[in-house]
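Next, two complexes with chain A in common: one pairs it with chain B, the other with chain C.
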Partner chain A sequence: MAKVYTGRDGRLLIGGTEQLKVTNWSLTGALEVLETTTLGEYQRSYVPGVQEFSGSASLLYYNNGSGRNDAATALKNILKTGSVADTDTVSLQLRLVEGNTNHDISLTAYITDVTYSASVGEVSSAQISFRATGALTGVTI
Partner chain B sequence: MGVYLGNAGQVELVRKSLEGDKESVVNPSDVNSSANRFSFDFDEGFLITGDFVELSTTDGTDLDFVDASGWGVGAVQTSGNWYIFVDQLGGIKLYDNFADSLDGGTSGLVSLNTIARDIPIRARIRDADYRVLAAVSEYELNTNREVVDITTLSDEHRQQYSSLISGSGNLVAHWDYVNEGTREPVHYLMQLILRTEIGSSFRGKFYVKTENATPAAGSYNQAQVNDSLWWEFDAIVTGSAVSFSSSDLITGRIEFVATGPIRLKAQVAPGDKMLQESGDEILLDQDATSSLLLEAT
Partner chain C sequence: MAFPDLVPSSRSFDPGDYPIKTFKAQNGSEVRILYGSNRTNMKLSLNYVNITDANAELFLDHYEETKGTFSTFELPEGNTGPKGGWGGNKDAIGANLSGNAYRYEGPPQVQQVRPGISSVTVNLIGVL
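And then the complex of A and B:
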C-alpha cells in the first residue's frame, strides 16, 4: 500500500525513551571524498573518506504534569555547571512509524548546540543540534 | 429574545495620552497677564483645545504665573490641572471647565500673573471625563485571539495554544469641528493622529447597548431597559480619512488599534434603586409597592 510519510509518523527517542512534544527533527549524512585523480587522466576519481552525521531537533519546553520535561533534559546536556565528559553521549533514534513497523536511524551523538528562548506570542521551545560520534548504530529505513 | 438595531450603540471617549509628557520652560515674556494667555515651546498639535492638562514645575517651585484664584485651594501650588484653549498662535488659556475652554472666552478663564523668572514646566494630558463621540453612523470592532501551533510529531490533529489578544476597528462619523461641550466631534480624532510628541491615544467605550435602549423587536424583560454593555479599551488612532462627495454628507473614517486589555463590560443597572445586601429593594413604609431610589447625579 502506498504510503506518504509526514510529521504524524515522526518520533524522536533519546536513550530509548520517546520524547514528549517534538516539533521537528532532521538528520544530515555526509561523506567526505578524497580525490585520486592523477596526471594523464580525463575523469576525476575519488575514494571514500570519513562519514559524518549531524542533525537537529526542536522540543517544546513542556512539563507533562508529572515533572517530566524532555526539553529540559536535552538542554542539560550542555546547560550545566560542570564540564562535558567524553561519556556524555546520547543515544538517538530518529523514527518514522508505519503501522507496527519502525523505520529507525540510530546513532550515538554529542549534543553540540542548544537554544532556549521565550518570545512574545510564541511557545517556548528548545532547539538542539547533535553530531554523531562513530558509525550509525542502526539503519532500518 | 430581543432584536437590537445599531441605534442602540454609542461611542464614548476620554482624551488621554499614553506616551509621555512634554517638558519646556515658561519665560517671563511668554506670559501675557492682561490677556490671561501664556505659551511655551511645543510642536503644533501637541495640545488640542479642550484637553485636560496637568502643568507642574520640574524644579519644585510654584507655578507663579497662575493666579491664586485659579487654584482650587486658593493658593499657588507646584502642580495643577486645567482645561485649555489653544489659539491660532499657540497661545494657551486655562479654564476651570471643559465647556468654557472650548469657547476660549472670559467665562471660566483662569487669571495669570506676570513672572520675573523662567519656570521649567512639564505638561501632561490627563484623563478627563467620558464624552460621547458625536454623529457616529457606524463602527466596527474586531478582537482577535492569536494561537500558537503546538502540534508535535505523531499528532494527527493540529493543536493550538491560546496566545495574545489584539483588537482593531474603525468608525465612521459625520464630520464636524465644533465641540458641543459634552460631545466630541470626529474632527478631534483627526487631530489626534497628527499629534506627534505624545501619540494619538484615547480611551474608548464602544457600546453595544446603551442604557434605556430597547429592542426593535422580539421579547424582553422591562428590567433589561437600564442595562448597558460596552467594550472598553485604550486605543491608538492609526488612520483617518475624510470623504467628500458633492451629493453626500462629509464623513470622517477613523481606524484604530487597541493597546492593552480589551474588556467587554456590562452594567446591569438596578433601575437606580437602592438595594439591601440581599439584593432586595428597600420598600417605603408609605407605599409598599414603591422603593427607595438613588439620587441621580
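And then the complex of A and C:
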C-alpha cells in the first residue's frame, strides 16, 4: 500500500526508550571525498574518505506527572556540574513507524549542543544536536 | 628499481642557473664570471595527493635504493610518469639536458590521510 510518511510516524528513542513529546528530529549523513586528479587529466576523480553523521532533535520540556522529563534528561548530557567523559555517549534511534514495522537508523552519538529556553507565550523546549561516533549501528529504512 | 612511474597531482620546476659569480663595485657596476658551461641546481617538486599506501611505499623504497640523497637517477620520460601532463618537451623539465641528474633533495614526505590512502611530496634537485 502506498504510504507517505509524516511527522505522525516519527519517533525518537534514546537508550531504547521512546522519548516523550518530540517535535522534530533530523539526521544528516555526509561522505568526505579525497581528490585523486593528476596532471594531464580533464575530469576530477575521487576516492571515498570518512563518513560523518550528525543531526538534531527538539523535545518539549514536559513532565509526564510521574517525574519523567525526557528533555531534561537529554539536556543533562551537557548541562551538568561535572565534565563529559568518553563514555557519555547516547544510543539513538531515529524511527519512522509503518504499522508494526519500524524504519530505524541507529547510532551511537555524543550530544554536542543543547539549547534550553523559556519565552512568554511559547512552550518551553529543548533542542539537542548530536554527532555520531563510529559507524551507524543499524539501518532498517 | 626506477623512480615510481606515477603522474603527480601537482608539480613545480625551478630551472636552476649557471654557476656565476657576481661582483659588485661600490659605484654599482657589476662584473659576472661564468664558471661553467652547464646549468645546474634545477629543482623539481612533485606532489602526489591521495594515492594508495602501496604507491606511496614505492617512493620510500626508491629513496632507500638511492641511499637517501646520495645517488642520482633518471626520471621516467613517459606520459604516465612524473612528467605526465607536461605538453612541452619532456627534457625541458628534466636534468640531463644540461648534463645533470636528479637526486633527492630531502626525504620524501608521506602524510597518511585515511586508512590505505596517503599523500607524498618529493623534492628533487639536479646536480652535475
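Following the convention adopted for this analysis, the second predicted complex is superposed on the first by the 141 of 141 C-alpha atoms of A that agree within 3 Å, B and C clash if a C-alpha of one lies under 4 Å from a C-alpha of the other, contacts with A are read in each partner's own complex, and residues count from 1 in each chain.
Note that in this section contacts are C-beta pairs under 8 Å (C-beta built on N, C-alpha and C of every residue); 3 or more make two chains touch, one makes a residue touch a chain.
The shown structure was predicted, so the numbers you read here are calculated from the model rather than taken from an experiment.
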Sticking to the clash and touch definitions up top, decide whether chain B and chain C on chain A clash or fit. fit
Tell me which touches more residues of chain A here: chain C or chain B. B
Based on the superposed arrangement, let me know which partner A:49 touches: chain B (first), chain C (second), both, or neither? second
Check the residue A:123 against both partner chains and state whether it touches chain B (first), chain C (second), both, or neither. first
Considering only touches as defined above, state whether A:40 meets chain B (first), chain C (second), both or neither. second
Contact-wise, after the overlay, does A:113 reach chain B, chain C, both or neither (first, second, both, neither)? neither
Counting only touches as set out at the top, which of chain B and chain C does A:22 meet: first, second, both, neither? first
Shortest distance over all C-alpha pairs of chain B and chain C after overlay on A, integer Å, is 39
Of all the chain A residues, which ones make contact with chain B and with chain C? none
Residues of chain A that touch chain C when the two form their complex: 34-41, 47, 49-50
Which residues of chain A touch chain B in their complex? 7-12, 20-25, 60, 97, 120-123
Across the complex, what residues on chain C touch chain A? 6-11, 49-51, 79, 84-86, 113-114, 117
Complex contact set, residues of chain B against chain A: 146, 148, 150-156, 161, 163-164
